[in-house]
Amino acid sequence: MTQTITQVAFIGLGNMGGPMAANLVKAGLKVTVFDLMPQAVAELVKLGANSAASANEAAANADVVITMLPAGKHVRGLYLGNAQADQQGLLDVVASHCLLIDSSTIDAASAQLVGQAAKAKGLEFIDAPVSGGTAGAAAGSLTFICGGSDKAYAMAQEVLGIMGGNIFHAGDVGAGQIAKICNNMLLSVLMVGTSESLQMGIDNGLDPKVLSDIMKVSSGGNWTLEKYNPCPNVMDNVPSSKAYQGGFMVDLMVKDLGLSQEAALASNSSTPMGALARSLYVNHARQGHGKLDFSSIFEQFANKNK
Amino acid sequence: MTQTITQVAFIGLGNMGGPMAANLVKAGLKVTVFDLMPQAVAELVKLGANSAASANEAAANADVVITMLPAGKHVRGLYLGNAQADQQGLLDVVASHCLLIDSSTIDAASAQLVGQAAKAKGLEFIDAPVSGGTAGAAAGSLTFICGGSDKAYAMAQEVLGIMGGNIFHAGDVGAGQIAKICNNMLLSVLMVGTSESLQMGIDNGLDPKVLSDIMKVSSGGNWTLEKYNPCPNVMDNVPSSKAYQGGFMVDLMVKDLGLSQEAALASNSSTPMGALARSLYVNHARQGHGKLDFSSIFEQFANKNK
Amino acid sequence: MTQTITQVAFIGLGNMGGPMAANLVKAGLKVTVFDLMPQAVAELVKLGANSAASANEAAANADVVITMLPAGKHVRGLYLGNAQADQQGLLDVVASHCLLIDSSTIDAASAQLVGQAAKAKGLEFIDAPVSGGTAGAAAGSLTFICGGSDKAYAMAQEVLGIMGGNIFHAGDVGAGQIAKICNNMLLSVLMVGTSESLQMGIDNGLDPKVLSDIMKVSSGGNWTLEKYNPCPNVMDNVPSSKAYQGGFMVDLMVKDLGLSQEAALASNSSTPMGALARSLYVNHARQGHGKLDFSSIFEQFANKNK
Amino acid sequence: MTQTITQVAFIGLGNMGGPMAANLVKAGLKVTVFDLMPQAVAELVKLGANSAASANEAAANADVVITMLPAGKHVRGLYLGNAQADQQGLLDVVASHCLLIDSSTIDAASAQLVGQAAKAKGLEFIDAPVSGGTAGAAAGSLTFICGGSDKAYAMAQEVLGIMGGNIFHAGDVGAGQIAKICNNMLLSVLMVGTSESLQMGIDNGLDPKVLSDIMKVSSGGNWTLEKYNPCPNVMDNVPSSKAYQGGFMVDLMVKDLGLSQEAALASNSSTPMGALARSLYVNHARQGHGKLDFSSIFEQFANKNK
C-alpha cells in the first residue's frame, strides 16, 4: 500500500474507542473524532484531535473511518443512514478512496449488510473486531480479527498496526465477527471447564496451584490456565486474585455468547458447550454478578456451605 | 535417594505396560515381569527380562513393584489379595523396603484404599497414572502424575525418569488419580468446545485452518489447537488427518470420563461441562465409533446432509 | 361477536394450510384462497373455494384473512409489503373491519411488528400459531394459541372454532408465538429426558413398557409417556412403533427450537435444557435424520454396538 | 398369598420410617421396631409397638422385616453383617419363611448384592423404594416400586398395601431402585425444563398462570405443571407458594440424582439432561439452598437484577 493515510475519522469514543483513538493521535495522524458524549470528545481534543459536529462531518474528508459502537443496529444506522427519515449514512458522504473499518463486536449479518452496501458504492469495508480489553486498547496491543477483501486488509495494516499487535485476516466481510465470536465462545468454554475441573480437584483435596501447574503443561493446557486462572490466589495480578474486579465483565461475555448463539442459529450449527456456557453466564449475571470479571464463573462451582 | 534400585517387578504388560517395562530393561535394570498373557511375557523375556509364575513371585525380591492394570478392582485384588479365598496380595509378600507404584488409571478411592493398607504395613505406595499414550510409552516420554508421600515420590524418580519425561507430584496417595482425571475431563471439554467452534466457523464460511491459527494464539488457545486439531486436514500427522485412526480411543476417553464423574459424585462436585462431554462421548461410542481417536467427536457436529 | 363472518381469505395452502382452508369451505363459508403453487389452489377450488390472482386480491373483500406461511420474513413481506419496491401489503388493501389472523409459527418479533403496523392502521391482528400437526389440521382439531386484544380474540372464535378444538388466549400480540415456543421447547425437553430415562432403564435390564407404565402415573409423568412414547413397541400407533415415520419431523422441531432460542436471546433468558435439546436435535438432523419423527431422538441413546 | 403376616420387624424410624411403622401398628399388626435413636423408638412404643435391643433381635421372629435406611452401605451392613468383625447380619438371624423388604432409596448394586446373598440362603428379598414424601408416609399413600421375584412381590402386597396406595412391580431385585431413580431423574428434568420455560415466558411478558394453563393441556404437559408448579403463586398449597418450604428437599434430589448418575456410569448410559439437572441442583445446593424444596430451582432462572 503506497498511499499513506493522513486523515482519520474515529467515531465512538467509549472505554475501548477512546484509548484507541488516542493512540492514533499520539502516532501523529490527523484524527477527527465524534461521539454523542461531549466529555469523551473533549478528552481526545485535549490530546490533539479535531472534533466534528456529526459523524458524517467527521468522515467527510477522511482517508480512513474507524467506528467502535455497541451493537449491530448502531453500526447499520451509522453507515446506512435512514432513507425514510431522509438521513444520510457514512456510505453517502465519504470520499471514494476512503477505507471503512468497523471495530465494533456485532452480529456478522449486520457486518455483511454494511459490507454489501459499501461494495455497491465502490467502497472498501472491513469488519475488525478486537480482543485485548481496555488494557490492550490503552497499550496499543489489541488483537484485530479482520474480514474483508485482500485489498482492504492491506490498506488497514497501517492504522491497525498503531492500535494493536496481532492482526489477522479471517476471510471476507463478516468473517472477522464470526472468528471473534467463535474464539470468545471457545474462551467461555475453557473458562467454565477449567473452573469446574479446578473445583473438583479442590473438593478432592488437591491444591489448586499444584493442579493448575500440572494441567497447564498437560493436555488440559489452555489460555485460562496460562494467563487468567479463575481460582483466587493461584496467580497474581489477575481478576480472580482481586475479588474479580477489572478484566472482562460477565455482562460482556453474555453479550458475546448471545452473538455466538445468533450465529449458530443462522447457520443451523450445534454448539452444546457454547450454549451451556451461555446459560451458566446468564444465570450468573441474573444473580447479580454481571459487573464482575468473567472468571468469576468459578464461584458458581465453589461450595458456599463450607 | 541414595539406595539404587536394582530389582524391578513389572506386572501388567498390555499396550502401555509392555513398552514401559521394555524401557526399564533397556536401561539395564533387572526386571521380572508377569502378565496373564504368555505372549506378552515372552516379548519382554526376549528383550532380557525374567519371567515369574505369578505376580507375587515376581514381586518377592523386588526393590520396586510397578503395576499397570485395567481397573480399580484389578488393582485392589492384586495388592490386597482375598482373605476369604486365602489368597495373598502383593502387600503380603514384598520386602519391607520395596516401593510400590501403580501406574493404572483407576478410581481414586481404590488408590486410597490400597495406599492405606500399604501404610498399615509400613510400605510406601504411590499412584502414578500416566498420559502420553502408547507412543509416549514406547518413546519413554510419558507424563506421570503422582500421589504419595514426599519420600515415596523421591524414591520413584529413578524408575519413572526412565519411562517418562514430566513427573508431577499432585499430593498424597490418590491425588495422582484425581489430577489425571481432572486433566482428562478438561481435555474432553477442550476437544468438544474446539470441535463445535471450528464447525460453527466452517458453517459460516470460514477456513478451519485460518480460524485455528487465529484462535490458537488468542484467548481460545488450548492444547487441542496446538497439538491435536480435530478438524481433518488442518494439521498433518494427527488422527483427524488419518481418518481418526490411532491416538487415544473414544472408548478410553469414555472410561476416563466415567472415572471423573465417579469422583464428582464422591465429592458432590458440579461439573456441567464434563458431564455433558461424557454424554456426547457415550453417544458417539454407542453409534459405533468407540475405536476411533477421541478427536472424532468433531464428526458429531459436521453436517452429513451436505 | 354479533357480526357473522361471510368472506374469508386464506393465504398459504401447504400441508397445514390446505386442510385448514378445506374445513372452512366445508363449513359453508365463502373462502377465497391464494398460494404460489397452482396445484394447491386447484385442490381447494375443487372443494368449492374461489381463487384469486394474488394474496392482495384474495384479501380485498374479506371479513377475515388467515395466513399460514413458513417464516417471519414471509409474514412481514405479505402484511407490510415493500415500500421501496412500491409493493402494497395486506394491511394496505383490506377492509377496515377485516380481522387478520396469522397462524404461522414464526418469531414473536415479526408478529409484534405486524401487529403494531396493523394497529397503526386501525386493524385487529392476532397471532394464532397451531399445534396438532397435519392430522389435527385435517380433523379440525387443532389447538390455537392466540396473541391479540380481547376484541380480536373474541372475533376470531368463529373461524378458529371450525378449524380447531382448544383455543387459548396467551396475551397481547406476539404472546401466541411465545407461548407456543415455550410449550414446544418444553416438549423437546420432555422427549429427550424421557428417552434417556427409558434407555437407562433398558440398559439396566428393565422392560421399557413396565418402566413407562410406572413413570406415567408417577412424578415423571408427562405428555410423551401418555401419548407419544419414543421407545419402539411400547405404544401402538405412534411413530416410534412405525420406524419413526409420520408425526412431527425432526427438522420442524429444530425450527421451533431455533425460534425458542431466538426468543431466549431477545429476552436474555437462560434455558439450559432447551438449548441442550436444540444441540442434540441439530446433531440428529445433521446425521441425516431430519425427516424422521422427533421421537427418533431416542435413537441417539440406544446402543448400536449391541 | 394365604399365609397372613402377624409379626413385623421395622428397622429405621426416621422421617419416613417412623410414620410408615406407625401405620402398620395402627393396622393391628404386631410390630417390633429398632432405631439407633431411642427417641424414635419411644414414639413407636407409645403407639403400641415393641422395642428390641438390636436390629437382629427385632428381626428374629418376624414374618416380614422392613428396613428404611439412608444409604447403600447401611443396608449392606445391616443385612450382610461383617464377617471379619464376627458380626451377624439380618440374613443370618431371620426365620426361613421371613420376607425381607428394603424400602430405602439406595444404589441398585447394593440391592442386588443383598438380594443375591438372600437368595443363597433361600430367603426372599425385595427392594421397594418409595415416593410420596413424609406426607405420603403419614397418610399411608406412598408409592412403592418393587424389585424381586413374583412370589416375593405377592407376599409383600399385604404390608405394602397398609403403607401405600400404588404398588408397582418393576422387575427382579434391584429393578425397584432403577425404576425409582429413572423416574426421579426424569422428574428433575421436568422441573428444570418447566422452570426455564415459564421464566422465558415471563421474560417475554406472559402471565405464568396463563402459560401454565396452556402448557398443562398441551404437549408440554407434565407432572410439575399438574401438581407442583415451581413458579410462586401459580398454584396454591405447593412449596413454590410457601417460600419453597416443605416438600422434597434439594439435598434429597441431589442424592437421587447422584444415584441416577451412578447407575448411568455402571450401565455406560448417556443421560445428558439428567447429568445437567444434577449439575444445576448441586450448584443450587452449594449456594446454600439445600434445605429448600426442589422446585426452588426456578430461582436459578429468575432475574434478581430487576
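Just so it is clear, A, B, C and D label the chains in written order, and each chain counts residues from 1 on its own.
Going forward, contacts are C-beta pairs under 8 Å (C-beta built on N, C-alpha and C of every residue); 3 or more make two chains touch, one makes a residue touch a chain.
These numbers were taken from a predicted model, which means no experiment stands behind them.
If you match contact pairs by residue number, over half of those in C-D turn up again in just one of A-B, A-C or B-C, and that pair is A-B. Inter-chain centre distance (chain B to chain D, centres taken as mean C-alpha positions): 38 Å.
In this assembly, the C-alpha centroid of chain A lies 51 Å from the C-alpha centroid of chain D. Residue positions 268-272, 276, 280, 283, 286, 300-301 of chain A each touch two or more of the other chains. Under the stated contact rule, the graph of chain-to-chain touches is complete, every pair of chains being in contact. For chain D in complex with chain B, the touching residues are 83-84, 254, 258, 261-262, 265, 268-272, 275-276, 278-280, 282-283, 286. In the complex of the two chains, the chain C residues touching chain B come out as 276, 283, 285-288, 290, 300-305. Chain contact summary for the complex, chain D toward chain C: residues 108, 131, 143, 145, 166, 168-172, 174-175, 178-179, 182-187, 189-190, 192-194, 196-201, 203-207, 210-211, 213-215, 217-223, 226-228, 260, 263-264, 266-274, 276-277, 280, 300-301.
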